[in-house]
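The chains carry the letters A, B, C, D and E, assigned in the order they are written, with residues numbered from 1 in each.
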Amino acid sequence: MTSAATTSILPRRGGFFGALSDAFWRRPKLLLFLMLTPPLLWLGIIYIGSLLALLLQSFFSVDEFSGLINYEFTLATYAELLRPANFDIILRTVIMAAAVTLFSAAIGFPIAYYAARYAKGKWKAIFYLGIMLPLWSSYLVKIYAWKLILAKEGILTWIFAKLHLLWLLDGILALPVIGGNSLSISYIGTFLVFVYIWLPYMILPTQAALERVPGNLLEASSDLGATPRQTFRTVLLPLALPGIIAGSIFTFSLTLGDYIIPQIIGSSRLFIGQAVYSQQGTAGNVPLAAAFSVVPIVIMAIYLWIAKRQGAFDAL
Amino acid sequence: MTAAVEFQNVSRHFGQVRAVDGVNLTIAPGEFFAMLGPSGSGKTTCLRLIAGFEQPTGGHIEIFGETAEGVPPYRRNVNTVFQDYALFPHLNILDNVAYGLMVKGVDKATRYREAEAALELVKLPGYGARRPGQLSGGQRQRVALARALVNKPRVLLLDEPLGALDLKLREQMQEELKSLQRALGITFVFVTHDQGEALSMADRVAVFNNGNIVQEGTPEEIYKQPKVRFVADFVGSSNVLAPDVMKRLGGEARWASLRPEAIRLKPTGEGVPAKVLQASFLGASNRLLVEAGGAKLHVMLPADQAVPAIGSDIALGWGLADAHYMDDAA
Amino acid sequence: MTAAVEFQNVSRHFGQVRAVDGVNLTIAPGEFFAMLGPSGSGKTTCLRLIAGFEQPTGGHIEIFGETAEGVPPYRRNVNTVFQDYALFPHLNILDNVAYGLMVKGVDKATRYREAEAALELVKLPGYGARRPGQLSGGQRQRVALARALVNKPRVLLLDEPLGALDLKLREQMQEELKSLQRALGITFVFVTHDQGEALSMADRVAVFNNGNIVQEGTPEEIYKQPKVRFVADFVGSSNVLAPDVMKRLGGEARWASLRPEAIRLKPTGEGVPAKVLQASFLGASNRLLVEAGGAKLHVMLPADQAVPAIGSDIALGWGLADAHYMDDAA
Amino acid sequence: AEPLKELGKGEGAVSIVAWAGYIERGETDKNYDWVTKFEADTGCKVTVKTAATSDEMVALMNEGGFDLVTASGDASLRLVAGKRVQPINTDLIPSWKTIDERLQNAAWHTQDGVHYGTPYVWGANVLMYNTDAFKDKAPDSWNVVFEEQTLPDGKSNSGRVQAYDGPIYIADAALYLMTHKPELGIKDPYELNEDQYKAALDLLRGQRKLVGRYWHDAMIQIDDFKNEGIVASGSWPFMVNLLTAEKAKIASTFPKEGITGWADTTMLHVDSEHPNCAYMWMEHSLSPKVQGDVSAWFGTVPSVPAACKGNELLTDSGCATNGYEHFDQIKFWKTPRAKCESQGECVPYHRWVSDYIGVIGGR
Amino acid sequence: MRSDRGHRAPLVLKIAAGAGLLFLHLPILLIFVYAFTTEEKSYQWPPPGFTTQWFAVTWNRPDVWQALGLSVQVATIATAIALLLGTLCAAAVSQTKFFGREAISLLVILPIALPGIITGIALRSAFSLFDIPFSVWTIILGHATFCVVVVYNNAVARFRRTSGSLIEASMDLGADGFQTFRHVVLPNIGTALLAGGMLAFALSFDEVIVTTFTGGQQSTLPIWMLEELIRPRQRPVTNVVAMVVVLVTFLPILAAYYLTRDGDQVAGSGK
């Protein structure tokens, strides 16, 4: 601490790493290049390349009888998408995805809100675990648990019977379109299970966004005369929106593509995921499967574009 | 006349922490009232009690004669300018300013007109379409002000509104705030930990320490007649001198404060002998650090007076009245 | 003697932005050098050029006579105290301070001994085991200082190190820094936008504007003889008067600066007639805002002088030498 | 590819695409195991990929990586046409001679006199029903799954019946129409002209209102009969056997309109990596023991008549029970083609595929 | 959060939040219950009897161990790759400005924003195009692709929070690039990487859809479960496995929570 060193420029640290470090410092672009190469190769070449390979297939067609692919450019496969039976599938899936997303947002919000703004200490940890644990429990086993709950002779019927409320259940099942012979083969059932399975994906980003809303904005709103309800609508909700949008990317996209849930809990009416799966696997019609998968790609591209503009990526 | 704000033995405890502890306070209507005190002394909590963000754990609060307890913030005719402005990032400036009117249900045309007028008042006409993120700190501060004023509150609370601004801007805003308050006649309650700011702006100042008010009065009273050592120490850069030092310097054996600008250089041999330790050029004046009577003192020299060399022996003098004796024993 | 730091026509442009634009600068060894200027004027960029975080886009930099270009920061015997301290949050205080020695491969016993010594120097002995998060702002600032000093740099760079501290602490740290620099004899390069800080601490001050140095000199030169209006305006709270105003006030028809404390009250009829607009109590003095010759002027009255009533007519006077005429035409 | 000339050493493995329940190693019931011993004898490790529909089998074979497939008639010719399977050399399969004469040159595995596999077993798509719901009286018509009606237990059949989730089920509707709408002139349920086809689809659209969920997987259908209140459906004897073994109130019947069925062929992939093991499996699959065991397990009829006698599991009455004598009445699955024998122009299979998706989707 | 201090949550909110949590957990309890049922072929409510035999049965089933082994192997390697790629990407994006920076975040998010089935068949068609046979590596390739984003998100958030001046401070104090990475960068993003890595592991460990398309005939644990659930032999075994997985993962989740608690990012956002 007494005397300063005599030189102002120190020698380079010896060895390869010393030289490399200096080189990186002098040419930051080189470092950047080296850092970006592996992920770009992986995601930009392998992944995007695969997607393009898939898209390419959608311009081929399949021989009706032997099921072999005919490698000639055609738009016929896309035309098939518009056939009523196939178009129904698309419509059905998109409506379901939208409904699941809206509902997940609606029931996920209070949980996220409570966890973000009221839960403290031990309760905060409990909420965190409470949201994470379902995420970590097997997706398939959860679906089968629901099959058991929703079956005609399942737990819900049992509970309703015990409560002498079977008339209510029957009333629900008698609803047109969304009802059915039993919950497990109705749209209601499919919807419930979708919501259940994807709900944590909605809660987590919403909670993160809510946690980031500065408390003093809420105070400022209240100070300016807004009732709690007004504060919620005009300040909290708009500021939590990027988080909700981020969550909705998951709920929407996961619903668009899932084929396992509607197959186990559903009425045999296909969803896009099932159509892709069966066209690819069961029917061996890869071109049609590829054309079907363009649908979610396009929808999600639009969705991501909107989300990006809303700043939802930061909330992911 | 009813007081604008009255605290009767008000306390706000957080568990063990006595953030505010038995405060009595009367703020007159139209007054510019400053709360001054070190960090953690309870200033913000007092303000929050007035705004309604906190409920007192003891005592009674009245705002213009009406009981405040149990009244939520959105039903108090009191507005706050937050330290970090708390502008709504998702609304543009005009909507920010019009917010209070919007939630009251004022129609669009009227509220935008009034918001524009408020923006003009704070000298930001035409800024309505911008987002808070596109303004500088000083501009944001003024938007926060306009947003509060548009509601025509009877009391305006300001929590260190100038804390984040740099010196130049701060001085400018001080003057603007002051003249705005005079023009509008609204009661301002202003929290700061900057003594200069409190002294230059306020009609009355309350000095906080440990959740309580240790002295209340006009800036001059606070500055020139500190009741206790804490005030002398905290307000301005007084020399606070212990009884034994005062004795040695020829005064009473009591705690006293002696302002640096009250001390004069005397011809050697005439006054109290001292030794110059350090000298700083402050622009408008020079500040000496000297040793006298076994204590270190600051002495402020007018800019036009020659600065004695460091290490040299000098002599000091001051008026009898300049040594201000204080109450506290410790 | 070789300069500690020398800039020869140094520029640093970021695309269109000329952050630093042709700066020439010589800092002598052992000097306490302050860079003063408004936000965005290029002070930080200059500091970063010295530290090696930026490369000049033009010109040449020497540190103690050695070329600095192309030398990475970790090979420059220069250390920085960052504005936000940049203490490593994952290391305790002792490890923070010992970091520089650790990466140099100094053995554990030695580096901890030296780190302890450095902590003692900044008056924080025994704080080694704490985490940065457990210290107050002022303490953190001192740790950052110790962490830099333990490496025995030849130049210490400080980027607004006191910016985040409150007034009281800031004044205290100013004195501590100053005496430390004197004791160690290291060259300090200090960036601030607080003119008071620059004036009171530095041996020499460079005033920046728009990426360039507009004036360089001792604090007194800068304060009393601003070369251009910008400096007069920015440093201290001078009254900067336009040629026509000066003419009306009885001076030359040139831009001039007139310091508030140089203006005196005169018996009515004797000097320049003026009207009092506003008066602020500043503790050690009172500041008047007056109108005279069609311009607004600040006048500083010593605390012991009576403050004239607002709205009253008064007369002002100043010495001929107090009106400082400046170069710039605009 | 040229058929194998002579049998070599086993490659140590053979992978088979098969219907659920076709290849058992005693995991469900240890009495039913015709794999373990084969593996021990030949050193060929058997891996099985189960498929639920013929389309899935074709897709798996198109994708490759398997040696054998137990293809039904509606898949086998597609596999031949797509060159996914190779002709076999019957000389390398000593038991070929023991095959039921009715099957030796069956159209679904023989083309231009060339054999593309060995017959495995055949069977019928029986009507499975819940004996409680039908008050122990077997329904005698498929109308219980096609037309809305009150069942003997007094409740409607709506929501309590199932249909097969595969396009080939359109043939079941056509078969039903052969009796109930003779004026359509359907001769072969797999060869339908536009009018006949439309009538079949209409029938199925009506059925859609009765069916909550179509059955796709044997095990899931079992579950549905147990937990979802399903009381009647076209099904395989396999499910009937499993359910009755669990003491469920289930029985099956051959309704008067006749019945569709399947005759499966073990076919060899054109790029088989384990042809020797595959030949060994084909030979093994024709042994009376295997034939009898499979038939007992799945409720099928052996392709080797010798298996009908002396098999412990099947018992001597098993072949008769499972329909040995009904061979001629069963309309075996085959792929509908545009050029058809009975009336020249028929609706091809690809339309069956897309239209059936539409029917299930509510179109 | 200051605004809420001392304030009680409204009752409606409490009920809604509580009911929501319950909704998330009752089915999981059911999974536990059916790990103890005596019925083995299909589920039935209420369970006919109680037994603990399935734990022993599960322990002795080699196919469980095989699937578990494959899943652990896949998840471990996929996580390691995701950690590497995600960190590199996050570092590049947050430490420097360059053309196309925005595109990168989109690129990283894409595999999770597009349904898994698309990732799955895209990779599958690429495999068949290039005649790449299915192997552990094809599964890992698929999993790592969508795992990158969780690591990336956690790392980017942490980088954003970690003041850039720390790196400069380190260099200023004489540490070269590598020393700075080892002594400053790594310790500061460590917990974020841990949390991101755990999530990546969880995602991979539970992934069915992508695996279906990239796994060929190999069975990871979820694929094994799917097979078991559709064609049950001993259904409760599946429940035992699911239950054990939940219980075993409980501790790491808790650990991740406490590790990232001080951060702005809870482990899990960005899944």
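Worth pointing out:
Just so we're on the same page, a contact is a pair of C-beta atoms (placed from the backbone, for glycine too) under 8 Å apart; a residue touches a chain by one contact, two chains touch by 3 or more.
Just so we're on the same page, UniProt names per chain: A, E = Spermidine/putrescine ABC transporter permease; B, C = Polyamine ABC transporter ATP-binding protein.
Not measured: the values here are computed from a predicted model.
Think of each touching pair as a link: the shortest run of links from chain A to chain B has 1 of them. In terms of C-beta pairs in contact, the better-connected of the chain pairs D-E and A-D is A-D. When you average the Cα atoms of each chain and compare centres, the chain farthest from chain C turns out to be D. The chain with its Cα centroid farthest from the Cα centroid of chain B is D. For the pair chain A and chain D, the distance between C-alpha centroids works out to 39 Å.
One simple way to say how far apart two chains are is to compare their mean CA positions; for chain B and chain E this gives 53 Å.
Multi-chain contact residues, meaning those touching two or more other chains, occur in chain A at positions 10, 21-22, 25, 148, 153-154, 216, 219, 280. Contact with two or more other chains is made by residues 63, 226-227 of chain D.
Across the assembly, chain E contributes residues 3, 43-44, 174, 176 that each touch 2 or more other chains.
Residue ranges of chain C in contact with chain B, taken from their complex: 38-39, 166-168, 171, 175, 178-179, 193-196, 199-201, 219-220, 223, 234-237, 259-262, 278, 280-285, 287, 289, 300, 302-304. Chain contact summary for the complex, chain A toward chain E: residues 10, 13, 17-18, 20-22, 24-25, 28, 31-32, 35-36, 38-40, 42-44, 46-51, 53-54, 57, 107-108, 110-111, 113-118, 125, 127-142, 144-149, 153-155, 158, 196, 199-201, 204-205, 207-208, 211-212, 215-216, 218-219, 249-250, 253-254, 256-260, 273, 276-277, 280, 286, 289-290, 293, 296-297, 300, 303-304, 308, 313, 315-316.
For chain A in complex with chain B, the residues that touch the partner chain are 214, 216-217, 219-228, 230, 234-235, 238-239. Chain D meets chain E in the complex at residues 15, 20, 27-28, 47, 49-50, 63, 65, 217, 219-220, 222-223, 226-227, 246. Contact residues on chain B toward chain A in their complex (touch as defined above): 51-53, 72-75, 78-80, 82, 84, 86-90, 99-100, 102-104, 147-148, 151.
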